[in-house]
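Two complexes are shown next, each including chain A; its partner changes from chain B in the first to chain C in the second.
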Partner chain A sequence: MACIKKKNQNNITRKIILVLLYTWTFVPFIPILIWSFSLRWNYPNLIPEFSLRAWKYVFTQKNIISSLFSSILISSVVTAISLAIGLPAAKALGMYKFKGKKLISTLVTLPAIVPLLAVAMGIQVVFIKLGLSDSIYGVVLIHLVPVMPYMIMNLSSVYEAYNPEFEQQARVLGANAFTTFYKITIPAILPGIIVASMFSFIVSWSQYLLTLIIGGASTKTLPLLLFAFLNSGDYAIGGAICIIFVLPALILLFGSPKYFAGTKSVRGGEV
Partner chain B sequence: MTKLQLINLTKHYSGAPEPSVKDFNLTVEPGELVAFLGPSGCGKTTVLKMISGLLLPTEGDVLFNDESVIEIPPEKREVSMVFQKPLLFPHMNVGENIGFGLRMRKQKKDEIKVKVNNMLELVRLKGYADRKSTELSGGQEQRISLARGLVIEPRIFLLDEPLSALDASLRIEMRELIRKIQRHMKVTTICVTHDQEEAVMLADKIALMFDGKLQQYGVPEVFYERPKTKRIAEFFGCTNFVKGTQKGRTVATKLGAYTLDQLDDDNREVYLVVRPEAVEVSDGADSLKAKVKSRIFMGTHVRYIIDLFGKEYQITLESATLYKEGDIISFRLLKERLWAVPYDDNI
Partner chain C sequence: MDEKNKPWLLLLPALLVIVFLFLGGILFCIVQSLNYQPIIGKTTIDLEAYRSIFTERTFLVSLVYSFYIAFGATFLSIVTAIIIAMALRKTFIGKSIAVFTFQFPIPIPHIVSGVAILMLFTQSGFISRIFNMMGIAESPSSFPELVFDPMGVGIILALLWKFMPFIGVSVLALLQTSGLVYEEQATSLGANSWQRFRYVLLPIMKPAIMSTSILTFAYGFGAYELPFLLGGVYPKTLAIVAFERYNNVDLTYRPESMAMSIVITIFVVSLILLYRKMATQNS
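And then the complex of A and B:
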């Protein structure tokens, strides 16, 4: 009985924490959502005047659409590049033992700890010399700095649990190295790749400072535009952009848990 | 059916002080089941991986039917291997897992289906083809793994401690299943194990390995009755070694002199090997008298720890007559079951 009682209590605690978390996450969006559908919202009105002006504006203004696309483009390219670099790096860190592994792990996580402003100020000088400043290439490159730690840390934990004998098993069953990689390795670590990619996308997606410093005026991403509208005081349009801006994070929040399931499958069985 | 020959097979990992496997020579006749037996870390799995092509030997050769396969990569060697873990591909269902090797060989879909179902029947999991591979019990997983390895009809079938992760009753059931299927398919098979009971019950022949070297190769009985060294006898459960001198075929020890027809003529220092069960209760002139120090009841038999001339020995007698602690047992050694191994100071 005591056991059941404790279990019930645990369940209730869990539910309370969940409700608090959801409140914490979503309540701030309520005023933003209301703002995005309003014409004005002046004191002492409790409810604003309803209007679709902001949404119409967002979906018709060329600069908003184009900044949305450049944001998607930059974050996608950054994610793809970081995946290409991160996969082998994470495999080495997760599966092999070698000298200096701890040092390299620390160095890899460093960009997530060091203030990015310091990094950006230093790199900007180099980028100007190389002609990478004020260009989309420069922005992609500088986004890789904060993105790589997330990509490599996420993937290496997948590789740590991954049993390399899967590949040996596939080989002796008749699969060559290439077939083994795309038929066995990739599907086995796919959930990890998806989670790591989503994280990387979000980190790149929400960069403001780095894009501003390196991209200058030439590369307008969504966060840059968002700041401009908020500064101008047009909360309705700012609110609408804000909703679009936060969408990928929400997808991550609701989409990823199923990929965080146990690691039994990548280990190859219980022993 | 394929004959397997290993010639001077050696593997020296870079950085390791000693080779993991050294000058390993072995011939496995077509259709035989051989157990590689030895303590963990003795190089059994390394030999297995060199046969499969997953590891390249530092020196030596692997022959299938007298032809070297050393240049052939694992996927083309027609060898199949079952590992300690079942390693079922998690993104494929049971049928897809079993059919993997056949798909790699580009066989037709309907042919694959028939073969997969036949294999499932053989491992007693008929109707499991559409099950998720992540929803099986440990024993079922290992049976699917077995089926996946055998369905490609490999020239050599390798098993790397496939039963060690299973619980005792399941292990016995699987052991019998492996034996039955192996006989049925007549595939040359090597099974790695560190469990001597498993090796004895499963294999036609045993290859015993210590420290990367083959110690003795032969049918299971040989390891009980004719071990080459004291260490081998110990590995197979013998605890009684009496120092003595062999002249011709006669071994003289403090327990008496025994002329053993099974020995070759020699003059040397030896240990007389007395298996615990190589004794019988006797009151004759040649009988020995020993005091019981303690006993272990084992059901049909009783193991007695006895004191003989101030040294401890172990003997096993039938449990029909029970001796108590402090009793005197009068017994004699069964001459035809005694054996002698070279004396070695180091052991």
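And then the complex of A and C:
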């Protein structure tokens, strides 16, 4: 009897926690959404004066479209470069044992943990000398610093779960290196590459301070624009920009349920 | 190709980026913080900038404030992460949606969290208006100051929204694997639920908590965007003070801004080294 009573208590506790969790996670998006459809939304109203002003502005104004374009361009390029550089690095870390591996592993993940203010402020003088400051090239370079650790860490787990014997079997059966890579390796690691790339894209997409310092006046990415509107008090346009700003993350969340539902079970065979 | 050298060759491009951009950036920051200014002919270095900031009240207050924000956010994140992970660890109907919700904030840009807090918790924000409708708060000023306030409540809440799932998902993964196994063993040996939690589950959760909370603390300590959006006029976090000084038209403040950034960096690196030492001791 006592153990059934305990189970019911646990169930109720869990239900309460779940309600709180759902509320806490999703309620933040409600005012953002409502603000984006507002003309004016003054205290104490819970419903605003409805207007599509913000959305019209966002879809027609040149400055917003160009900063959206900048963000997409920069983040895509950064992701592509990180992938090209990170894939071999992850292979080295995921499939080889070598002296100094632990040190390199730490070094590679460090930029993801250490606040990068010192890096941006320090490298700025060099970038100015090289003409990289106040340009999209400098921004791409500085974004590589926080993005690469995430790319490498994500890809490392892909390689750790990867079984090289499939490749060996293919070679034994007569396939050349290119065919093996194309038909065996890529399909095996492609899902991991996609997820790692999406994550890396979002890391670059979310950057504010680094872009502000290195990019100067010329490079205005979406977060910079968002801050500008919020600081000037226009929460309607700020809300609309915020919704657009959140889209890549939503695509990742709803587009790759396999990755998120079974976080650790993606590792082949390991439970 | 020499098999021994192959991993190093594969790592080379990544290492170049990290060495030249990351380490190089920090190095140049250190050099500038040491007052090295060859442009005006000064080729000596000194610790003047550091002496200056460590005797300055604004900096010291910001140092404590940043530590407080980081600690508050990390502590609350750990506690709530454990509570929720514990509630989600067993199988139940609707679990996959619950877990999806749990980790939902992880890829969401932190700025979004800040915007949400801004719209929810200011004195004329959404929550305040609900309180007004319910008759609890008569006017905006009756609602407590949670944003732009000296206690940084809004900042901590925004950090909590973003990082609690980060810690929680890691903890949940452990609870669902080794946690359940040892928990069952402990139950069959007669342990009650508190004993199971304290002596079996908590130690199992520890590595996940340690690694994720270091990251949370480091982010909170050096945070710029969220404190900028949600913080008040005073005190300001270290990153904000450093950046303001960096942007000062008077370039003599540059070395000080560099010194402040280096202080942030050294603090976080020390934290990481401390964690590494503790991790190897425990295993």
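Simple rule for what comes next: the second predicted complex is superposed on the first by the 235 of 271 C-alpha atoms of A that agree within 3 Å, B and C clash if a C-alpha of one lies under 4 Å from a C-alpha of the other, contacts with A are read in each partner's own complex, and residues count from 1 in each chain.
Basically, a residue touches a chain if its C-beta (ideal position, glycine included) is under 8 Å from a C-beta of that chain, and two chains touch if they have at least 3 such contacts.
Keep in mind it's a predicted model, so treat the numbers as computed, not measured.
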*Of chain B and chain C, which one contacts the greater number of residues in chain A?*
C
*asked:* So in the superposed three-chain picture, is A:Ala217 touching just chain B, just chain C, both, or none of them (first/second/both/neither)?
replied: neither
*Quick one: classify A:Tyr22 as touching chain B (first), chain C (second), both or neither.*
second
_Partner chain in contact with A:Asn163 - chain B first, chain C second, else both or neither_ = first
*Would you check which partner chain A:Thr179 touches, where first means chain B only, second means chain C only, and both and neither mean what they say?*
first
*Is A:Leu141 touching the first partner chain B, the second partner chain C, both, or neither of them?*
second
*Of the partners chain B and chain C, which touch A:Gly122 in the superposed model: first, second, both, neither?*
second
*Classify the contacts of A:Leu107 with the two partner chains as first (chain B alone), second (chain C alone), both, or neither.*
second
_Footprint overlap on chain A, comparing chain B with chain C_ = 264, 271
*Inside the complex, what are the residues of chain A that reach chain B?*
163, 165-166, 168-176, 179, 184, 187-188, 190, 264-271
_Footprint of chain A on chain C - complex, ascending_ = 4, 6-8, 10-11, 13-15, 17-18, 21-22, 24-32, 83-84, 87-88, 92, 94, 96, 98-105, 107-113, 115-120, 124-126, 128-130, 132-133, 140, 161, 169, 173, 177, 214-215, 218-219, 221-225, 228-229, 239, 242-243, 246, 257-258, 261-262, 264-265, 268-269, 272, 276
*Can you name the residues of chain A that touch chain C in the complex?*
13-14, 17-18, 21-22, 24-32, 35, 42-46, 84-86, 88-89, 91-93, 96, 98, 101, 104, 106-108, 110-123, 125-126, 141-142, 144-145, 148, 152, 199, 202, 205-206, 208-209, 213, 223, 226-227, 230, 235, 238-239, 242, 245-246, 249, 252-253, 257, 260-261, 263-264, 271
*asked:* For the complex, give me every residue of chain B touching chain A.
replied: 49, 52-54, 73-77, 79-81, 83-91, 100-101, 104-105, 134, 138, 141, 148-149, 152, 158, 165
